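The structure that follows is given in the form of structure tokens.
As written, the chains take the letters A, B, C and D, and residue 1 is the first residue of each chain.
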Amino acid sequence: MVNIGIIGAGRIGQVHARSIVSGVPGARVAKVADPYIKEEVRQWMEGTGAKVVSDYHDILNDPQIDAVLICSSTDTHAPISIEAIKAGKHVFCEKPVDLSPAKIREVEKALAASPKKLCFQVGFNRRFDHNFEALRKATLAGKVGDVQFVRVSSRDPNPPAPQYVAVSGGIFLDMMIHDIDMVRYLSGAEIEEVYARGACLIDPEIGKAGDVDSATVSIKLSNGALALIDNSRRAAYGYDQRAEVFGSLGAVAITNDSESTAVLSTEAGVTAEKPLYFFLERYMASYQKEMRLFVDAVTNGTEVPVGLKDGLMSIRIGLACKKSLAENRPVRIDEI
Amino acid sequence: MVNIGIIGAGRIGQVHARSIVSGVPGARVAKVADPYIKEEVRQWMEGTGAKVVSDYHDILNDPQIDAVLICSSTDTHAPISIEAIKAGKHVFCEKPVDLSPAKIREVEKALAASPKKLCFQVGFNRRFDHNFEALRKATLAGKVGDVQFVRVSSRDPNPPAPQYVAVSGGIFLDMMIHDIDMVRYLSGAEIEEVYARGACLIDPEIGKAGDVDSATVSIKLSNGALALIDNSRRAAYGYDQRAEVFGSLGAVAITNDSESTAVLSTEAGVTAEKPLYFFLERYMASYQKEMRLFVDAVTNGTEVPVGLKDGLMSIRIGLACKKSLAENRPVRIDEI
Amino acid sequence: MVNIGIIGAGRIGQVHARSIVSGVPGARVAKVADPYIKEEVRQWMEGTGAKVVSDYHDILNDPQIDAVLICSSTDTHAPISIEAIKAGKHVFCEKPVDLSPAKIREVEKALAASPKKLCFQVGFNRRFDHNFEALRKATLAGKVGDVQFVRVSSRDPNPPAPQYVAVSGGIFLDMMIHDIDMVRYLSGAEIEEVYARGACLIDPEIGKAGDVDSATVSIKLSNGALALIDNSRRAAYGYDQRAEVFGSLGAVAITNDSESTAVLSTEAGVTAEKPLYFFLERYMASYQKEMRLFVDAVTNGTEVPVGLKDGLMSIRIGLACKKSLAENRPVRIDEI
Amino acid sequence: MVNIGIIGAGRIGQVHARSIVSGVPGARVAKVADPYIKEEVRQWMEGTGAKVVSDYHDILNDPQIDAVLICSSTDTHAPISIEAIKAGKHVFCEKPVDLSPAKIREVEKALAASPKKLCFQVGFNRRFDHNFEALRKATLAGKVGDVQFVRVSSRDPNPPAPQYVAVSGGIFLDMMIHDIDMVRYLSGAEIEEVYARGACLIDPEIGKAGDVDSATVSIKLSNGALALIDNSRRAAYGYDQRAEVFGSLGAVAITNDSESTAVLSTEAGVTAEKPLYFFLERYMASYQKEMRLFVDAVTNGTEVPVGLKDGLMSIRIGLACKKSLAENRPVRIDEI
């Protein structure tokens, strides 16, 4: 039985707690640390048998705890990761590990220096989504032959608040980082060079906060293939999550999930449902799956499915996109 | 070059004329007979090189004419067919050949008695539609294995005028006759017994005219398989033409054609286009194809793709449906 | 907190136990009774805090138990239901309550005679499936206007063993009973008369067991509308669950769920995934939802969403179908 | 009646001739000029009443001819256009008018200098395709609000011969030129800057001929919106022609046409048909429609739907893409 400590009981911390309670065999939430936990969350957590504490050091110092989930604010991810590694804990860290490659490399060093082999998994949950997994599986099985082109389209139902945008690292590090990871995951190749465009077409306040709300990136992959990503902070019809892998033998594409398959035909047209509302609805099952795989890795000493290197690469690529947009030129990842 | 005479220059006569002019190689419209032809139709016909006459005997007596298309009113189909056969002409007769099996059998006798081998084709155009042909082709190729079940759904965009209903023979002979022919065509088996239900749910005037506007038929086929047909005189979203063949290895199904593949996603939903408006829009290509095959048969002495027997069977089955509805019991086709 | 006792720890009993543990707030599995429970099931049950007993009377006699789920073999449903009612327990009874209307009426009498108002829910889980709920919701919201026609298609991936068929009550009571309930649920009307056809096209052993493996039913509804059901015990492509409601303003239709939205385009065609494998995969979420609604009803004294009358009607209609097939004639439900 | 002379009786010349004969009211093919016409083409042309000549000057000098279609090889388009304009003929010129903007500007000058107002239409037939028209219509009707993003995906079923590639102007001028025109047409805005990537992933001979066979272009539009184009010279599943317009109120997207709507469900999956084979199958109706609109413009003196400016812009943008790929930097169109 893997004893888990969750650091940070906000939205994503709660998602992981629920996942573990309802369907991660071999693991239990032993402790939860959050100085500002909401009362109803505390009650629910305690109802499942977890102990709720204020200070996360209570988790790191507890010899009963095998692994920690770092679900606190982004700026604390790297330092807490390092502390946890030093305390000999396996770590599941929410994305991004940090907005700075240098800090992620410090985590890498701490991990390499650990006398005990520790699992360190990064929360790129989309890799465990049924649709993206089906794409990957078909591609790995050779159904599309040699990959020549990858496309990822990702649009949110609503833009974030401008004050969030200001601290988020911007559209490339906050939103497109998932799509960047998907291009790597789906192509099985490394991103070598990016050319980014952006525009502020949805909310001028986002522009004032120094960011764009619409963006495209043109990518060159290490195997010679090409890729395109397009992002929008607001699609009127909801959360749009599509992707395509094209190769020498064909293409495989995924489209959106919705509440039901119902199609209504009337004088007005033939109408299907909109996509599931947002990432919690759309990707709920993937959060449970990534947690199961993390517990597997901890239990059996196997490789984690998304490691620190994946966390580092996506940040470097995101920063290359920012630089490309700022300088209006293609930027090689090794510049970062 | 096959010289064709068209008897009746109404809607369907014009459709055939246009088909021949624009894309039936090896045939030309030589004469058109209609005592009440509209002036603009006459001008167009003459512009294509056809001679327009009043009396259809001018066509039957013309030794240059090889084949006639009978596009006049239903009650004249059988007698003109017999006259045309006696005049040694190949015949393409619009459906139904007659509402009475006895009269169709007289045509059969005339055809058998002809010293010259004549082609006689019945206008079940739907057999030459790209969608229904794809169903048939997949089934014949063994893609679904042994046929176990056939379904045909057919709904019109708007009900006919009640005065038309009164002389049409009713929903089973006027509308469902195409679907009955499709069950035979798609299953490759004969219909042995039918059980029909009907209701007047759309227009009470249709009920006053002695007919129903909504109907279902449960069918037993000669190979043991089952079939279902459903009809409605009015679908708010337009002309609905779907079918499915299910067998031991799987199923093949067709759905509607529409103007374009455009799908609009907005806050209101994900909306595709409605089906093509009605039979002229939906089945236009099939009219040309049936005509090409008729000209082929005339030219090369090959079998016509839809013969008099098909015309007779569909009428007998339609009459069995009427009897079934009237008596609320299953009716075997050999009762008719 | 509703304390639940589960009688019968076979497949469906386990499904309900898991549903309650993972996501039915306000309820817990207190006891499970099964004389032949498998060891690993016992361990899992006990791990969740439930007590496992042999004799279901231990549940009925336990004053801590508020409600029982009857998941034992079909022939015991009615007698245990009566005992449970007499013991003052709320009852959730798996379908069918019994194969005989007379026995269901005895349960009705026991329920009416209970001094305490008890909830009695029947396990027609499909009513709580996201697709069927979307159909119902659209219909109730008036999106299709007055209902004129309902169709339900239901095909299993594989036929049951012939020895099961022999005791199952046959295709109409064992398989089509869900579809019959769906026609009532979706139309909002009662079934007045049925005409059934059947054939043995898949497994001759099913025929020897006195049943058919392919069936259609033509239905007349109390509001004048028509309905059709088609069933097959084996679809090569898997579990096929589709339905359509057609009315004066349009139609709403549902199709199958599958593992992902992935579509593979190659030289061989454009291929989507097959339907989810069978009822456990396809309807898992509906089992949890029906349980939540049962617990709601028990807790708040509200109406259960599927009552004994629904259980009785579906059996009477299933028996009418059997009679119709045996006598090859339409059978009114009030004959049964 | 508009008398048309066709210069060049190769594949596209024949397509236009057939379109006019079968369905362009108010026009007829009076003369066809081709020194190397195939015998069966000559016979068919003469059968429709056209006169076949060797030298296209026989057409330009014929006072009965109102309009010419220039369907000869690309390098002759501009000089023959100028001759035709000087001869006072209306001109329909196949795309591209020329690979050099300078030569297109000479045609512009000739047109401006003509004492008679002449129609000059360029053969961007895709604008008249039912799918692309539906996209444009929805966008113009404001269904997607302000356009923020446009995507065009275009893949051929098979690469051209390398010797063709060498004289074609390369993928951007030969293939992507249609997609470039589509971005302008669908967005209703001008392309300001492009960034192109290319790779040779399909046929190394294409690389040796100095071209790429896979390409993407990232576009900035004059209204601030973004666009992406992706091209491949070979899709194993056939001719892939998709596009999407995304805006403040939603998105509208089109996908491929195929031979039928038939979907086959078997143990192997749920399989629809591949796209229609190539541009002649896919776009046949659009060729007829562009010809009807040209004849309309000639007859009524109205604006042609695709003018010389559109021909010029697409070439300039294609050349900017070539330059961008060669120099690996974004290129503004006003550089060309």
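Keep this in mind: contacts are C-beta pairs under 8 Å (C-beta built on N, C-alpha and C of every residue); 3 or more make two chains touch, one makes a residue touch a chain.
All values reported here derive from a predicted model rather than from experimental measurement.
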Q.
Per the definition at the top, count C-beta pairs in contact and tell me whether A-B or A-D has more.
A. A-D
Q. Which one of the chains is farthest from chain D, going by Cα centres?
A. C
(Q) Can you compute the centre-to-centre distance for chain A and chain C, using the mean CA position of each chain? Integer Å is fine. (A) 39
**Q.** Averaged-CA centre spacing for the pair chain B and chain A, given as whole angstrom
**A.** 58
Q.
I'd like to verify one number: the distance from the centre of chain A to the centre of chain D, where each centre is the average of its C-alpha atoms, in whole angstrom.
A. 43
Q) Residues of chain C touching 2+ other chains? A) 235-237, 240, 249-251, 264-267, 273
Q. Quick one: in the complex, what on chain C touches chain B?
A. 145-146, 148-149, 151, 155, 195, 197, 199, 201-202, 214-216, 218, 220, 224-226, 228, 230, 232, 234-237, 240, 246, 248-251, 328-330
Q) For chain A, which residues count as touching chain C in their complex? A) 22-23, 130-131, 133-135, 138, 143-144, 249-257, 259-267, 273
Q) Which residues of chain D touch chain C in their complex? A) 235-237, 240, 258, 264-274
